[in-house]
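Residue numbering begins at 1 within each chain, and the chains themselves are lettered A, B, C and D in the order written.
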Amino acid sequence: MSWSREEQARRAGAELKDGDIVNLGIGLPTEVANYVPRGIQVMFHSENGLLGMGPFPYEDELDPQIINAGKQTVTLAPGASLFDSALSFAMIRGGHVDVAILGGLEVAQNGDLANWMIPGKMVTGMGGAMDLAGGAKKTLVMQTHTSKTGESKLMDRLSLPPTALGCVNRVITELGVFDCCGDHFLCLELAPGVSREEAVARTKGELRFAG
Amino acid sequence: MKVVKDAREALQGLESGMSVMSGGFGLCGNPEQCIKTLAESGIKDLTIISNNCGNQGRGLAALLQNRQVSKVICSFIGGNPDLATQYLAGEVQVELNPQGTLAERIRAGGAGLGGFFTPTGVGTAVADGKELREIDGRLYLFEKLLKADFALVRAAVGDKLGNLRFYRTSRNFNPLMAMAARVTVAEVDTLVEVGELDPDDIHLPGLFVDRIFEASHENPIEHRTVRTREAR
Amino acid sequence: MKVVKDAREALQGLESGMSVMSGGFGLCGNPEQCIKTLAESGIKDLTIISNNCGNQGRGLAALLQNRQVSKVICSFIGGNPDLATQYLAGEVQVELNPQGTLAERIRAGGAGLGGFFTPTGVGTAVADGKELREIDGRLYLFEKLLKADFALVRAAVGDKLGNLRFYRTSRNFNPLMAMAARVTVAEVDTLVEVGELDPDDIHLPGLFVDRIFEASHENPIEHRTVRTREAR
Amino acid sequence: MSWSREEQARRAGAELKDGDIVNLGIGLPTEVANYVPRGIQVMFHSENGLLGMGPFPYEDELDPQIINAGKQTVTLAPGASLFDSALSFAMIRGGHVDVAILGGLEVAQNGDLANWMIPGKMVTGMGGAMDLAGGAKKTLVMQTHTSKTGESKLMDRLSLPPTALGCVNRVITELGVFDCCGDHFLCLELAPGVSREEAVARTKGELRFAG
């Protein structure tokens, strides 16, 4: 047993605090918007120049000029504001975004993140990933614990080109929640039915357990 | 006067070998008429500075399909098969910048700054060959200004002095690029008389705009994501 | 919640020895209530970052008169006898910056940049001890970011999330300083509910503002210059 | 005979072209606003964050929050816009202001300008002077040709601390109009009744004459 993508997103949502400014990466992180805990309010930042991103529009609200950084049509939440790309990244780089939740290809125990390229394979460009990973007050990564071929994506050190160094605070995989502590990962929580042995076996970095 | 008839007149002087900034994020907020006119022009060997250089075969991708582009300075080429193919084939040079660095380099060009130190990219491939400097205990990279011969921008409303207002997320890189070119062309959904815009609500003062014309825009959608009322 | 009762509550945590940015150009667009409350507080040994540090004995000059200021980072001290006197007597340290450099250093602080290269000041006293660099054939000076513990800003309208709108030339340094401090306090003429401001017309997004309160403002005039209808 | 202050301002106004963006310094340069040639339109930029500065207000228009960089109450001209100080100086430094007309203490024939301090005497700070002098496409200086004690203010080299180097294109004094040409001043025009000999005698730099 391990967490489903939905459960992973719900667990990431539990990291959010009232009043947080949150940037969600493309893919799984986007789902976290559906799991903001009841009773708290957060503002979603989209790096293409929008603070206060709302949910997808109803058909009759559709506006081609309101999109998120994934180029999906979205809406404006109450209190939203629009601005240019320089101010948008001033927010990110300047530490005004509280939490960035990003997808990952690899995370190292020292907090290094790789999520923008696989040499010889994936050519997409970094977009806003390097700014976001390094700029947010807290960077959370959501990824699978291992690759399709079973190799660990929680590493002692990165094998892929880094996106930003020492930036990741916490990783949420289908197996559990892990903090980057420099010379080891600290497991804070395991998904139901996941054993410590399994987590250790599937982690290439050093894994320790809280408590 | 700054007001011109159409994109053809607005692009007078844009020649092969020049550098061109184009506003827009993906296909949102693109100077559609200018791009279309450029695509029909036969002008080639262009350096395009734009966050994405079109997408899904549309927008600036038309210039790629026509082999009018020799270099692209951008942050993201995902979802752009024309660019990816020509890049991998070595037919187009691509300079990738972190998106915030791209925005800031353009702003620096427009603001008369030579460059700046940013923490973004330290320890990554982006840092190759660039100066690294510790300032107040944090590591930064040096990044240089970026300017262009022409900037093609798109706004919602403009007046005859070139004062512009942008709509929603169509703003993105448009106001920055307007500051950073030798000649700035603005195409607007609606052209109004001087004095119709509230002075507090002008997003980009007209001194940055050299030529302006009214044009209709298609506003294509890249990823049409909606929800249904039932699912509420 | 960001909304606080008054300036006293808004300035909680502001202590002697801290650095404080204050918006305003001369006496225009000053955070009047915050300054007044600071002047009554007994807090001292402040570093004030402000274009003028008050004028004609008013505004931030009150803090100078109270001997609450040990250092001023500004661009202009003309018309400010309190500052000039204490500066010449060696009682207050003054760091003069070209006005554009001051604005840009504050912006850099808010934008997470370490510093930048500007042509302003090359060959002048401002360049003393600073790195000179030629970029694309032009000479530039290195200037460093500037940040503060508190920023005190004044806006015309704000909502309860801290989104701000400024009025006319009261904008000046206010939005920049709001970006560059650990704690940003905004005092506004009118506080409105979230959703009342058009998202395209918010001059400063609320994420930069930590505390906000409504206050009345005197808006003193420094040089009252008028013309008469007869002279038309 | 030489030009009055009014005539100097009128002569400076004749330098303006239709569509110019113009920044006027404090003092005599401010007067130039009254002498924009008929038939042309210019926009006045004020570095405190205003493009499109209009004339002083009528009593019933007075607004304490509309001021120029000299902190005088002004009005907004049609098409005016307001912005923050960083954008205002981006305009100046980025070369988007066509003409700056500034007061001067000394101008050297190589275009160096001194107008911000007299050591031991004048302590005001440079304000926006350094940005303006160096940033505008064309910098014009209006000043008296000599000091009260009769010493030339058009120099072979500056004796006062510079505001910006090599920035001045043209100087307008009560004696005439002079271009900074590197190793000499070039006199383009003399005020009525001013002789070449007088101009030469009162100029410390090398003075040549056009035509």
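One rule holds in what follows: contacts are C-beta pairs under 8 Å (C-beta built on N, C-alpha and C of every residue); 3 or more make two chains touch, one makes a residue touch a chain.
What you are looking at is a predicted structure, and each value in this text was computed from that prediction instead of being measured.
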item: Labels of chains that are neighbours to chain A and to chain D; value: B, C
item: Averaged-CA centre spacing for the pair chain D and chain B, given as whole angstrom; value: 36
item: Distance from the mean Cα position of chain C to that of chain B, given in whole angstrom; value: 32
item: Chain centre separation in whole Å, for chain B relative to chain A (CA means); value: 27
item: Numbers and ranges of chain D residues touching at least 2 other chains; value: 76, 82-83, 86, 89, 92-93, 135
item: Residues of chain C whose C-beta touches two or more other chains; value: 104, 107, 111-113, 118-119, 166-168, 199-200
item: Graph class of chain-chain contacts, one of line, ring, star, complete, other; value: other
item: Contacting chain pairs - touch in the sense defined above; value: A-B, A-C, B-C, B-D, C-D
item: Chain A - residues contacting chain C, complex; value: 21, 43, 45, 51-52, 76, 78-83, 86-87, 89-97, 135
item: Chain B-facing residues of chain C, complex; value: 104, 108, 111-119, 133, 135-136, 138, 140, 144-145, 165-168, 199-201, 203
item: Residues on chain B engaged by chain D in the complex (per definition of touch); value: 107, 109-113, 159, 161, 163, 179, 194-195, 197, 199-200, 202, 205-208
item: Residues of chain D defined as touching chain C within the complex; value: 46-50, 55-59, 62-67, 69-74, 76, 82-86, 88-89, 92-93, 112, 117, 123-131, 134-135, 161-165
item: Chain D contact footprint on chain C (complex, rising order); value: 25-29, 51, 55, 74-79, 84, 87-88, 96, 98-104, 106-107, 118-126, 166-176, 219-229
